[in-house]
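Below you'll find a set of structures to go through.
Presented sequentially are two complexes of chain A, the first with chain B as partner and the second with chain C.
After this line comes the complex of A and B, so read on.
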């Protein structure tokens, strides 16, 4: 994967391999948290921050701790341990220093930060054999893609609040329709270049 | 030998990692532990811990925190009795505004309501209500799948399949969870002191109701005429009792031709 430059890694992570709309990872927080545009923008920023740093942590662990001893098969449990610890620390730090942030994001903070996107990024960058900078850019791209998907999704949902929708489709059914159509649209990017 | 090495290595590395991470989290907890207000712990002990959400906070702990930190009202909890609420108010140094004790009540006797079609889908009121407005011809008829019973945190609703759920008044704390899950809006909170209910919540014109259901309020107005205290009015084609005037005399119950008014 070393022949890809950083820009194409970023674009690939963000759009071509969009984590929600192409890989269908992180759907729980995608559907659950997207209520208002403001909240989901904040959540997107939180996701970008947490995912990028946790990916850096897992890169270091994978390449300096597991690989030298041929213990790649332990990566699931080790990644989970490290990511869980990291999120605990972030949550503690925020609770102590910026107490307003946890309140404004409601109870979603742990949900949004401890979701499967992080684990997926950790696995993918291990699988693609990225170097450190590449894996940082890749996770940045993935998390930006997640934020992009959530923000687009919420904007559509906010518009549909006012539309006359059949009673049976209100709420989650309609959300799934929107997500499916967005996913179809994003599949159009697949022809750009592969990763 | 190779396998042995792998086993030893993985045990060592995993053990080492968990040890180090454990130490990190202990240090972090020491350093970043949030000093909780001692009042909050005291209040938490007084709250019921049932996390019903009637106070509009997510659980009792959050309510206790809100009372201490952002000055939420002490009297919002509907589970604790008045003395406990006053105690909490005392801890906070504020007076507790007590709510009137209420109880939930199912406003339907609708086994008699006619069926529109045979429903054989998911056994949930919500699912049944989505299929063209429920399988009973009355829009406000109990569908009898017990969504309310499964939502209740106090197991105060006894229910058997296909029957109208019964609310056990001693266990009900009027948290209002069942009100929210009922898709046909037939559960209401009424004052605990109330002796007479209007067991119907339909808001159609009289004649249409007579066709659909034998125990529906078809707005004859007999109760309004006979009530000596003038406590009953017709609102939205439905008899409504003003509980501040009602003396539980029971005259309206005797005079109701459709048996919608019931005394306790």
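After this line comes the complex of A and C, so read on.
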């Protein structure tokens, strides 16, 4: 994947390999944050921000700490720890400076579960051997894809809130069918750039 | 609580997937074929049972503030062990499961069970709870994997093809959502029926 230019890395991360709809990563937080359009827009922006920074941190850790000492086999423990630490720091920062953001309950929880996305980005960029700029653009693309999927999903679900669906399919099953249709739509982008 | 009930709790009544809707990421991503699903289920169940046991053993030694880091380290240690064993003995499978083996470390089911159960209960109970929840997950992922392989590929455990024109969509990402949607709908239908039975 090294010869790709930055633009195609971004588009491929955001649309072609959409992390929620094609890879299913971060699905738990995806289903839980999608309550209202405002909340999920805020969440999406927060996730873009946090994922990009954590990707930079994990790139530095991987390439300057693990690789020189042949410690790649420890990468799961090290990445998970660094990301958990980073999330704690972010939560502390938000609690102190922007207390309103945490008021809508569940935001803190979703920041924590979003570590699924961050961890996936950390592993993927190590696997693809991206350089620093490439991995930044990649994580930006992935997290923008997450935000895009959440916002689209919420707008569809809000409209279906009052629709007369069978009682057994209310709630999660209906959400999965919406996600299936969205995933089908996103699969149409396969073949862009010949990826 | 009775030991047997703790064990069976995860299988049906509080099934981590159907009732709690956790652990969806590996469930949908890996269940393309039945064999992949089986291996992912076993790996997750192993990590869950061992981490629950270990965390329960350590629960009196861990200070309140260090709970999250301790459980994170324990879970990712077991994930690393599973990952390395798999890449040594089953390299083909390891490549097929790819990034989803390391992602067991942040599996919602494991995070949830260690936080909710293992920190508050005795060692044996936590082990049984971990095993039960792990088997509940294994059960569901195996059903979805078999469904998708049979309907989307026309094969079962890589046997010869017995359905002439399989619906390819079922092995693609949308098929995973559709299969899980119907399975959860079925579970909800059963639960609704039980509730109305009790009322009458």
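Operating definition for what follows: the second predicted complex is superposed on the first by the 181 of 195 C-alpha atoms of A that agree within 3 Å, B and C clash if a C-alpha of one lies under 4 Å from a C-alpha of the other, contacts with A are read in each partner's own complex, and residues count from 1 in each chain.
Throughout what follows, a contact is a pair of C-beta atoms (placed from the backbone, for glycine too) under 8 Å apart; a residue touches a chain by one contact, two chains touch by 3 or more.
Keep in mind that what you see is a predicted model, and the values were worked out from it rather than measured.
*Asks:* Once chain A from each complex is brought into register, does chain C clash with chain B or fit beside it?
*Replies:* After superposition on chain A, chain B vs chain C: clash.
*Asks:* Report the partner of chain A that touches more of its residues: chain B or chain C.
*Replies:* Residues of chain A touched, chain B against chain C: more for C.
*Asks:* Looking at the overlay, does A:180 come into contact with chain B only (first), chain C only (second), both, or neither?
*Replies:* Only chain C; A:180 stays clear of chain B.
*Asks:* Name the contact category of A:36: first (chain B only), second (chain C only), both, or neither.
*Replies:* After superposition on chain A, A:36 lies in contact with neither partner.
*Asks:* Please indicate which partner A:69 is in contact with in the superposed arrangement: first for chain B, second for chain C, both, or neither.
*Replies:* The first partner, chain B, only.
*Asks:* Touching A:77 in the superposition: chain B (first), chain C (second), both, neither?
*Replies:* The answer is both, since A:77 touches chain B and chain C.
*Asks:* Scan A:168 for contacts with chain B and chain C and give back first, second, both or neither.
*Replies:* A:168: touches chain B and chain C.
*Asks:* On the A-aligned overlay, A:131 touches which partner chain: chain B = first, chain C = second, or both, or neither?
*Replies:* neither
*Asks:* Going by the contact rule set out at the top, does A:93 touch chain B (first), chain C (second), both, or neither?
*Replies:* first
*Asks:* After the superposition on A, what does A:116 contact: first (chain B), second (chain C), both or neither?
*Replies:* The answer is second: A:116 touches chain C but not chain B.
*Asks:* In the overlaid three-chain picture, which partner chain does A:5 touch, first (chain B) or second (chain C), both, or neither?
*Replies:* Once the two structures are laid over each other on A, A:5 reaches no partner at all.
*Asks:* Taking 9-17, 45-53, 63-71 or 135-143 from chain B, which overlaps chain C after aligning chain A?
*Replies:* 135-143
*Asks:* Report, in rising order, the residues of chain A that make contact with chain B in one complex and with chain C in the other.
*Replies:* On chain A, the residues that contact chain B in one structure and chain C in the other are 74, 77, 81, 85, 88, 167-168.
*Asks:* What part of chain A is in contact with chain C in the complex they form?
*Replies:* 21-28, 31, 73-77, 80-81, 84-85, 88, 113, 115-116, 119-120, 123-124, 127, 166-177, 179-181, 183-184, 187
*Asks:* Which bits of chain A are touching chain B when the two form their complex?
*Replies:* 65-66, 69-71, 74, 77-78, 81-82, 85, 88-89, 92-93, 95-96, 107, 167-168
*Asks:* Quick check: in the complex, which residue numbers of chain C touch chain A?
*Replies:* Against chain A, chain C makes touches at 21-25, 28-29, 68-69, 72-73, 75-77, 79-80, 83-84, 99, 102-103, 105-106, 108, 169, 172-178, 180-182, 184-186, 188-189, 192.
*Asks:* Mind listing the chain B positions that touch chain A in their complex?
*Replies:* Contact set of chain B toward chain A: 6, 9-10, 13-14, 17-18, 21, 24-25, 28-29, 32, 34, 58, 130-131.
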